[in-house]
Amino acid sequence: MQMNDKEWKPKIIAFCCNWCSYSGADLAGTNRLSYPAEVKIIRVPCSCRVNPMFILRAFQQGADGVILCGCHPGDCHYSTGNYHTRRRMTLLFSMLNYLGVESARTRVEWVSAAEGARFVSVMDSFVADITKLGPNRRLEDLRCKTN
Amino acid sequence: MASTYTVTKEQILSISGVDPQKCMRCGKCSATCPSYDEMEYHPHQFVAMVEKGEIEKLMGSPSIYKCMSCMACIQRCPRQVEPAKLVEAIRLGVIRQQERNHLKPDDIPALLDPELPQQAIVSAMRKYTK
Amino acid sequence: MQNELKWRGLELLKDGAVDRILGWRAGQFVYDITPDVFTDPEDLEKNFIYNEFCGANLSKYLIAESAKEGKVAVFLKPCDTYSFNQLCTEHRIHRENVYVIGIECYGKVSVDALRQRGIDGITGIRSEMGSLKIDTIYGEESVPAMEVYAERCRNCKSKKHVVFDELIGADGEVVDDCDRFDMVEKLEQMSAQERFEFWRGELSRCIRCNACRNVCPACSCEKCVFDNPKSGVLNKAAADNFEENMFHIIRAYHVAGRCTDCGECSRVCPEHIPLHLLNRKFIKDYNELYGDFVAGESVGQMSPVADFTTDRDAEPSVVQKGGDQ
Amino acid sequence: MKYSYFPGCTLKNKAQELDRYGRDAAAALGIELEELPQWQCCGGVYPLSHDEIAIKLSSVRALAAARDDGTALVTLCSACHNVIKQVNHDMQTDDYVITRVNNYLAEDGIAYNGETRVLHYLELLRDEIGFDEIKQKVAMPLKGQKIGAYYGCLLLRPSGVMAMDDPEHPTIMEDLIAALGAQPVVYAQRNECCGGYLTLEDESIPKKRAAAILENARAQGAETIITACPLCYYNLKKHADGTGVEVKYFTELLARALGVKEGE
Amino acid sequence: MQKIGVFVCWCGSNIAATVDVKAVAEAARKVPGVVFSADYQYMCSEAGQGLIKDAIKEHGLTGVVVCSCSPRMHEATFRKAVQAVGLNPYMLEVANIREQCSWVHKDMATATEKAIALMQAAVAKVTLNTPLTAGTTPVTKRALVIGGGIAGMQTALDIADAGYEVDIVEAKPTIGGKMAQLDKTFPTLDCSSCIVTPKMVEVGQHEKIHIYSYSEVTQIKGFVGNFNVTIKRKARYVDEAKCTGCGACTEKCPSRKAPNEFNMGLNNRTAVYIPFAQAVPKVATIDPEYCIKLTKGKCGACAKICEAGAINYEAKDEYIEVEYGAIVAATGFEMIDVSPYDEYAYTQSPDVVTSLEYERLMNAAGPTGGHLLRPSDGKEPKTIVFIQCVGSRESCSSGEMRGKPYCSKVCCMYTAKHAMLTKDHYPDTDIYVFYIDVRTPGKNFDEFYRRAVEQYGVHYIKGAVGKVTPEGGKLKVQASDLILNEQLHIDADMVVLAGAIEPNKSARPLATMLTASMDTNDFFTEAHPKLRPVESPTAGVFLSGMCQGPKDIPETVAQAGAAASKVIGLLAKDHLVGNPCVAHSDEWMCNGCSQCETVCPYGAITYEEKEFRMPDRTTKVRRVAQVNPAVCQGCGACTVTCPSGAMDLNGFSNAEIMAEVDALCR
């Protein structure tokens, strides 16, 4: 599917933990706040459920940005899950950056169930960042096309 | 005596390595200070005034020459604020300026006492002059 | 050295102290060496070899060997002992079935480095005071050892055996001033585009022979995720750009915190991809972010990758934004 | 047992007794105190500001010399001990200081990273020789004497660095007093400041401090108080007349109990 | 092949106004595996649910996707509906097209496109779903309460009153805890022992409560509903069954030098002792450290006088094993050792006392019979200085921290109480209270403190004490007054230190046995700081009283009751139905590396050596992970740390999540 740059809209996957961030996203809806439709949410029990493989897979499948949202450190429903997320994603993002993948394509944000407005502003800024970056060509499965 | 030079709060914080925001205003530094009665501004005030940025007032006060560096306030502070380091930093802020030594070598002979140990002179020179 | 090792091996086998010896078997050429298990003293006498080409890390073979009945003796170089400990931490090696003979090591030679210098037809090698005397069918050559050692040996991180039951030769020290992160730093200083191109250049050569995975002591899963249809990343052969986008990143991530930087992955790569630079990036990162940690330094350590702190910790946003396209 | 010894300037001059008795007692205990061939004044007070580097150099030179000699560095004067021990701690932990000091000292070919162990003479007695051992060697027990230890501030603070004893409840001198056969008297003012160098400019504070200390010691039953610091000694002794409390260097009592004090 | 039905809800106009629901339903029909799709105004209504049920029956659906509001709203409703017609409830997925689509997007085309994508992801996931059944485990209907202070007693009573058996394990020879040592309680000034001793009696006499006094928990195995606990019954050398508590032995005992714990060591007791008159159980105990018979072999005075023949010098520690369904930690607190704060001269003068010691000095049953006499010379103190925050609110940044970073919460109030009680009995006493802040949040608390100032004339001084110098029978107090900006010198007769409180030392080893988490101060961590304050994150373990954090008596009692109600809720069930969305390990793939075990916050993972039949007919023993589904909470931390992918999460498996990723990226 070829699109010119004007038509191009980023594909964004947002992993949200069930207890805080997914509820925060729901709250954004309940309050009729608005954020770009490019953001598609996948519900996971805890941010620590997100395997780096999922993120790579998303990029490989053509996502332009992946964002992980979890409870604020200290507020994890499972007490310590997001502490694990914090380390795992720090290391993974650093590796992706090292491989030359724009690190703005990956992000972790802590969004509580009460922060519907914050969820929206996070998504707005993330989508803006990715839109500025343009399509992800570095990890996409497009070997034949790009060469 | 107003200081000729201003020394900023940031400079004081950097010279001393003290974070006055750690202070919880318990006053134990002043409670334990052996020089308290001789001071215009007391240890807890050094902390509060540095935090407020009132460096000039402190620089102009004789209090900065009354600290004996006994480290009681450092030792006993429950929040590790280390007020004596602020007193030292402010004193340095003054004496590091031209002609602002508190004690001049010429002043010393008059102060000597035959039994006075060298240590006292050396220490005082270190504390009062640059 | 070879004779000393062989003699000790024979002694252990003959007096029944161990049932098997894990060592190196001579092949057709002096540099053509295979890790192997010796049970027969005669076989050991005849075919055991130890020289400057014996780079293979034997610790991984102990996963299988130590699970068997009886006791196995193994020769471990200092860097191999880290892998050994790490595998013990992961309960992969039955420690009680293993007799560890630590052996002194000053570095192992890269055959490719010799070939690059035009040295071919090698028939023998010995080390003499920092230089290597190489017999070839064309005559003897002498080269400074440091110039033909494998990268991991030039940047050796430790000459200390972190575990052994007995030592042959002397024990060394951890190398404090080792420069193994220099190349990682150099890459970090490049622009994102340059880095991307560097890694595409390297990783696109991958033919997915799986040699790195098969030799890696940390990659010892009962079933690899890439062979497992349920993992979602099943991919058994080079088909698309999976190797560039997924395989090596996932592999490096899977071994992060467990990789001892033994360098076997780069040694065996037929395409000469510097895979160790991926692992070292993780090591450098967690050392800088979470405090120094050396995988395999002792048994039972908690890796900073699996650990966490409730205090302030590096946030994922610390990763420097390499925003350029 | 051999140690490097840093006497400091006061012990070469106004506090020669502190030094002499210390050396005599050490000899009697089989300790070899070898004075560093070259040393400079410690500076008297440890600089509390983070950016004072030059003042620390003389301590580092002494520390490096002891390191090169392969011995621990023993101090006797509380002030020297405080300065040298704190500087040593900086040289172990504070990269800012380590880098700058070594930059200065590179010219002299010195590189130092806090390798030396710094011991106060009291620590030497407690940790290296042992008070039990000293008790055995006491020739003339100070029987019946009621002695208060005066620590002052410099031996104990900051406690995290000095690590000699509990900063609020020290026992090292009391244990020594007991080992010498006397009766230690604990009094609260023993770790309060004597007035220090303020004595040079304004005697009123040391006077007040000395009165509080001496009065407290006397009220708790001390006849003598002992100190390791020439400045404390000076400030206290100056105001001791009429209080009924004698002020002495601890080494004097040690030498006497060991039977090596001249004229006894 | 799955047969999937997709049901698109309009939610009135909530969804339908922004999302073209017909188009979504239409699009669904084109997704492989979908055999049926429909849209309806209110899917959650009776009729909507009927639509789903009918379609399942009619089309033999194996999976259902409902495109509607948030699953947090109606997932449970729809799961129940599909279950009613025989479909496994976990074969249902909800695509959130309201909160996360129609409500946040305005443009119909965009919203419809996104709704279709969300529907496709849900279909992709449900295609891979497998039926899940929650495991059940039976519940042992008996609770264990560890600690017999007011928290433990209240919890035990509330559980027992609901009809369940409760055991209390108490380390001391009697229950009652710290409250039994208090004189009066704030802010009502009612007598502490008058309210606590009846509770003790009630506990002692309750037919459902069994007290293991002078006992400790030494091992805990099992999990929620099924704990197996080993209790060590320390040898008390007195047969509990025979002892009548007459106290004759305590009168005859010649060893009278043991410090009396009940009076904070302010006086002595005999080696054979009953801690205090109202002790429960009222049984004597021999202190083996001080008993002449046990230390030197001679004496036997107590055995001779005991008519009941209860004394047994041969007694040994006994270990018993008991099964419990729930465990409550109520291990309480201690006051920190204040001797490191020797600037206050606690070790130098007997007249410097802790608040708890002062409490005993005021108590009619205390060492001075309720007369406030100072310990050094037995004289009435005329000037008393109270020092607040001794070891509380200290900075935790340094390694050499003496105290605690938290506020101990009760000191401000009990000090006001001490001041007033002292003034009540000895009106001409001068009382100074040095405070950093006076913290009095609580009903009638600030009024109480103000009474001390306004009616009793207690001198409250904002400032700290820097030094206490015992001298000539006085305590010279040097302090700062921050308001007047002056240094004060007060000659006091007594100094009272409000030492920080800390968790009982037994709490840390207990937490390890329970795999319950603790904070850095050794207080038990609650499962959620706001919503689950009396539960530990470890299922089946509950928290009562000070072991969870500083609190006063009413708060402790309230928490004790709350913990009890949680226990009752648990014990009321015959079986525990687990959450089926838990981790499970594929034994064939497990490496046995233990990484999952280290990241599991619940201790749900254990390792076992298991025999495996290999394809070549040999057997191999391998170390493999086992997840206890009753303990696992399903966070998934283990699944990511597992290098081989052997560990996966039911309901959120690797393959399911990746299928969603794929669908959304398409």
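Residue numbering begins at 1 within each chain, and the chains themselves are lettered A, B, C, D and E in the order written.
Definition applied: a residue touches a chain if its C-beta (ideal position, glycine included) is under 8 Å from a C-beta of that chain, and two chains touch if they have at least 3 such contacts.
Small disclaimer: the values here were computed from a predicted structure and weren't measured.
Common neighbours of chain B and chain C (chains touching each): E. Comparing the centres of all chains, each the average of its CA atoms, the largest separation from chain C belongs to B.
Interface comparison, C-E against B-D: more C-beta pairs in contact at B-D. Each chain gets one centre point, the mean of its Cα atoms, and the points for chain A and chain B are 53 Å apart. Note: centroid distance chain A to chain D, computed from Cα atoms, is 63 Å.
In this assembly, the C-alpha centroid of chain B lies 48 Å from the C-alpha centroid of chain E. Under the contact definition stated at the top, the residues of chain E that touch 2 or more other chains are 343, 398, 467, 599, 641, 654, 657-658. Multi-chain contact residues of chain A (touching two or more other chains) are listed as 52-53, 57, 80, 84, 88.
Looking at chain D, residues 159, 192 sit in touch with two or more other chains. Chain pairs that touch, as defined above: A-C, A-E, B-D, B-E, C-E, D-E. On the chain E side of its complex with chain B, the touching residues are 343, 389, 393-395, 397-398, 403, 436, 462-467, 478-482, 485, 487. Only residues 339-343, 345, 347-348, 398-400, 467-472, 476 of chain E touch chain D when the two sit together in their complex.
Those residues of chain C that touch chain E in the complex are listed here as 67, 90-92, 218, 220-225, 228, 230-233, 254-255, 258, 302-303, 306-307, 310. On chain B, the positions that touch chain D within their shared complex are 14-17, 34-35, 38, 65-66, 68-72, 74-75, 84-85, 88-89, 92, 103, 108, 111, 115-128.
Only residues 520, 586, 588-595, 598-599, 607, 620-621, 623, 641, 643-646, 648, 653-655, 657-659 of chain E touch chain C when the two sit together in their complex.
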